[in-house]
Amino acid sequence: MPLSIVLRRSLLALAVGATLSSPAVAQERELLNSSYDIARELFAEINPKFEAWWEEEHGEQVEVSQSHGGSSAQARAIMQGLRADVVTFNQVTDVNVLADAGLVDEDWQQALDNNASPYYSTTAFLVRKDNPKGIENWDDLVNEDVEVVFPNPKTSGNGRYTYLAAWGFADEQFDGDEEQIQDFMRTFLANVVVFDTGGRGATTSFIERGIGDVLISFESEVNNIRSEYGSDDYEVIVPPTSILAEFPVAVVSPNAERNGNTDLAQSYLEYLYREDTQRLLAGFNYRVHHEAVVDEFADQFPDTDLLKVEDVFGSWPEAMETHFEGGGMLDKLQRR
Amino acid sequence: MQRIGDAPLVRRLLITAAVLLSGLFLLLPLVAIFAQAFSQGVSVFWSNVSDYYTLHAIGLTLMIALLTIPVCLVFGVALAWLVTRFDFPGRRLLQTLIDIPFAVSPVVAGLIYLLLYGRNGWIGGWLDSYDIQLMFAWPGILMVTIFVTCPFVARELIPLMQAQGSREEEAAVTLGASGWTTFRRVTLPNIRWALLYGIILTNARAVGEFGAVSVVSGAIRGQTNTLPLHLEQLYQDYNAVGAFACAALLALIALLTLAAKAGLEWRAARREAFA
Amino acid sequence: MSIRLDNIAKHFGNTQALEPISLDINEGELVGLLGPSGSGKTTLLRIIAGLENADRTAQPGKILFGERDVTHVHVRDRRIGFVFQNYALFRHMSVYDNVAFGLTVLSRKHRPSSGEIRARVYRLLEMVKLESFANRYPAQLSGGQQQRVSLARALAVEPEVLLLDEPFGALDAKVRQELRRWLRHLHDELNFTSVFVTHDQEEALELSDRVVVMSNGRIEQIDTPDALYRSPANRFVFEFLGDVNHLEGKVNNAVLTCGDAHLHVDLPDGHEELLLRPHEVRLTQAPTAESHLPVTITAISPVGAEVRVELEADWLAQPWLATVRHTDFEHLELQRGQRLYAHPRHWRRFPESVSKAPEQRHVA
Amino acid sequence: MSQFALRRSGSTRVLPGFGLSMGISVLFISLVLLLPITGLFGQLAGLSLAEYWAIITEGRVVASYMVTIGAAAVAALVNAVFGLLLAWVLVRYEFPGKRLLDALMDLPFALPTAVAGITLATLYAGSGWMGSWLEAIGINVAYTWVGIALAMAFTSIPFVVRTVQPVLEDMPVEVDEAAMSLGATDGVAFRRVIMPHLWPALVTGTGLAFVRSLGEFGAIIFIAGNMPYETEITALMIFVKLQEYDYAGASAIASVVLFVSLALLLAINIWQGRFVRRLHGGNA
């Protein structure tokens, strides 16, 4: 065990106090899952189940710890030394960054089924009761009197999906006419009233502060919000065309090796594909691949034409470079 | 005795304005924190506070504060002694340098430590080869906390020690006292209240630092999550009550700090009155 | 402008700083308020200035400047000049701006033109011999210079009453002497009414037309310096105005005895305490029939025109001080350790105030 | 007084501990303060001058400077007035609750910025206690630059109060009395006698408040709307660059903030030194 961890544990035990029996001290192996911001509740459900399953299968007690943050911030932290064994992100690019740095295998998307995305979602709308502005699709969002709330694409993967979805819609609508697409996007972005740095900040603005007519976020998230804050006050609108938002997972091989967790990490990710886990995920309003579960939850997920980033924008790196980097399309559209 | 602005009307007007504005601007936020924290009753507040991860965050936060204080204390006293008791080229520069943490945005403070001690940094990389990890572990949190809090003790001591001058110490030296004895028996009793005040400020900041710590912590629940980070996570998880419960704890620490400070000032004033 | 105080009293919390006091100061007079610290002299001065308000008692006190009742007039409207103990110069203003301040804050209607202000300030600076320092800041001046600026500043508004609080307290002896003479001269020339506070009896006696001696919030005596010195009203005044030698003993058959010393006095039998000034002590080689007061010289110090001789004896609780002229000093060939006999030329007694007056001994 | 102390200490090293205190101070400042900053410049070294210039003059970044500086300036000015009022009331008057008010002044220092952030956002949003009331009279605070200025003012008010207060306390009563005896009214005396005394402290306090506001992030981010060109602060631009893995860009913008802040601090120190020297004697 690395010196720093020993130190950390002994000092922490000291700090927290002997009365508080720390599970971290009692157990041998510990798996660190670095994940995106809004997945805290999700993994708080999954991890104990996995721990129990592992003990049953292998007779060994393990603990899964979570680190949450903006998906990009998390990737950055891992590059700077955060010793996460696995990543469960909401953006393919953030895993690619790790792959470029040699922390994740090059062919990580082939390592697991469905491009290494155990679940997926899309971008949907949350509107206020009775949908007073009559918002049904992306082109309703460019109306003059509509105020839009979604997180800043510069700082949030969630925001990036929204931007790409709107672009994808416009691309179809105007048949690839760049000028019209840009006009559409410019109007769309001008309707944004608050650019919070993250998805949850945007939610707070929309719900708690009562700002805007529509909140755009992951389908899973808007459904969760609606059940959290009252199904009577809000409505979920899933537009007929939207974007495929994959939630990629990968083993951070050097870290897992160093921590002696390679087997545990791999099993943990595979565990996400099991039927009961998939059911749990669907319960959190994520779309899943397991057929039995898909059938079971068919009512919950309307049929939607899901555009793939690769199809519309070539590839993730291309989309990032053209649209989001400093001086890219986003900056151009927002310039005055 | 009359002074400028003693006319009853002016006086009443100014006091009212000051009290009203501070009430709205400073007191109301404080009230709001506790109102939100207890908005769903004491039991909900309590269950949020006694949550394992919250307790762990409290423990970690207090530990960081406890480790930060002695370091800042030694540095603050040494620097104050240096710049108030000796004259040497670069004295003013040294005094400006300790203001750096005030000038650096906390996020940047975290960033510069990450760049140096992270795995890609030149010190961090070297340490990594010996399997020593500073960032995303408590030593990193401690380091940036020391960075942002180090000016407080020195800044409290310097003006006081400058005003007091060094005559008393010189007297002690002429009477044959050693350096350590001079400091302990002559200097320390004169500066102890300022010192304590500096410690209180250091503690308040160490407990509450957010920006810098968030960059280097990794925010692992139950491991590297400090109370302010935990608060932010709860806020993000739609657990506003939980977030404000943490906020209330931090505000409580702030209030204790203020009370301790007011107590010290009261004591000092009383000592002066009877001196 | 005459000043008239009628039934003025002041207390701070539970302490009575001034017992009800009445006082008349004539136009053009230079009056010194003399007393030990805590005697209420500064309070009285500040009440005259309007910096403190007198108590509102059942019989309300009154302050009149000439015919004008200023009891409830704010300090800024009393048209006084006030010179503060530590000068209270505005540190951020040059000497010129300090002196000009009072003129520039006048309402537009009363304010002189800027040229006139300039002329007047320079006239004042010339008067206080600081015309070349107009652009300096107070911190760059010596104490005596600062005091002169402070005086010029107070005089700039042409006050009818000039009030000075321990004006020379913080200066060294030589500068103090010089400034005193200069102030006296200024006062005589400009002919305003001045009141100043001091704890230095020499200063009060040298400078004042009349001296008000105060203690414990009361006026002990008001008189010209000469009268004050010659006929003090009570023991306190006598003791405060100079060094005093005490002789205490039993009178029996017109002889006061104290240990092995005795002195012929025309007093009835009983306990007596006699007081005498140092210059009232004569020293001889032998006793006389009248007095037998054997003493030993313990210290000799020539001070100015005379020699101060300190005397001790078994029968003295406190050493005596005698002053002798240089010729006498040489004539007697005085030396430390020499035994001599003292003879009072003159003495006083204040039987009524023995228990009341505070113990005041001035040896140095 | 202090000048005196400095002069004395200058002449000889009578007192012990020069080596030890110098050693500790220099070691600490080097390791804790300066070494990490080299990391920042290490990042900058990877940029050409043209690239550096392009990053720090990019339109959106420049707009963020404007927002930050503008809001910080407004906050500092408001604090100058408000802080002066508070310091004055706390020093010159006695009234019930004065000690409480005095203690309250340090609250923004003691309260973690994140707590201040979420609390201010909650209070001043359109649905909050203050926000709903202000909205009724047509003032929008949250998500506008007014909100940014408000958060900045909140976190930096103690700087002004706590620098002006001791100076006001030390002002001898004779200064007031001298001005009054010379016939000055309250207003004139305040403007011409008291203000010049307070001026250095007030400027220092306001300057410190301004510098602090330039770097503030935690308290602002919750209440700023973060709209490009309108309500984006410079600290957010650094944050954005970090999100893009653009360390060099983040370091470039951070270096601008750092330089401006340090230059301001140094200027304040020097200016104050001059002023103090004049008041306490130029020859000292």
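Remarks
Here the chain labels run A, B, C and D in written order, and each chain numbers its own residues starting at 1.
We take it that a contact is a pair of C-beta atoms (placed from the backbone, for glycine too) under 8 Å apart; a residue touches a chain by one contact, two chains touch by 3 or more.
Small disclaimer: the values here were computed from a predicted structure and weren't measured.
Two chain pairs, A-B and A-D, are compared here, and A-B has more C-beta pairs in contact (counted per touch definition above).
Placing every chain at the mean of its C-alpha atoms, the farthest one from chain A is found to be C. Inter-chain centre distance (chain A to chain C, centres taken as mean C-alpha positions): 89 Å. For this pair, chain A with chain B, the centres built from the Cα atoms lie 36 Å apart. Work out the mean CA point of chain A and of chain D, and you get 38 Å between them. Centre to centre, using the average C-alpha position, chain C and chain D are separated by 53 Å.
Shown for chain C are the residues that touch two or more other chains, namely 51, 75. Among all residues of chain D, those that touch two or more other chains are 122, 177, 179-180, 189, 193, 239, 242.
Contacts with at least two other chains are made by residues 1-2, 121, 235 of chain B. Partner chain D is touched in their complex by these residues of chain C: 49, 51, 74-77, 79-82, 84-86, 88-93, 101-102, 105-106, 137, 139-140, 153-154, 156-157.
Within the complex, the chain D residues that touch chain A are 55, 58-60, 121-122, 125-127, 142-143, 221-222, 225-229, 236, 239-246, 249.
Note for the complex: chain A touches chain B at residues 2-5, 7-8, 11-12, 14-17, 20, 22, 24, 32, 37-38, 40-41, 65-69, 77, 79-83, 198, 200-201, 203-204, 208, 225, 228.
Those residues of chain D whose C-beta lies close enough to touch chain C in the complex are 172, 174-175, 177-185, 188-189, 192-193, 196-197, 199, 278-284.
Residues 1-7, 10-11, 14-15, 17-19, 21-22, 24-30, 32-33, 36, 74-75, 78-79, 81-82, 84-88, 92, 94-109, 111-113, 115-116, 121-122, 143, 146-147, 150, 159, 162-167, 169-170, 173, 178-179, 182-183, 201, 204-205, 207-211, 228, 231-232, 235, 243-244, 247, 250-251, 253-255, 257-259, 261-262, 265-266 of chain B are the ones touching chain D in the complex.
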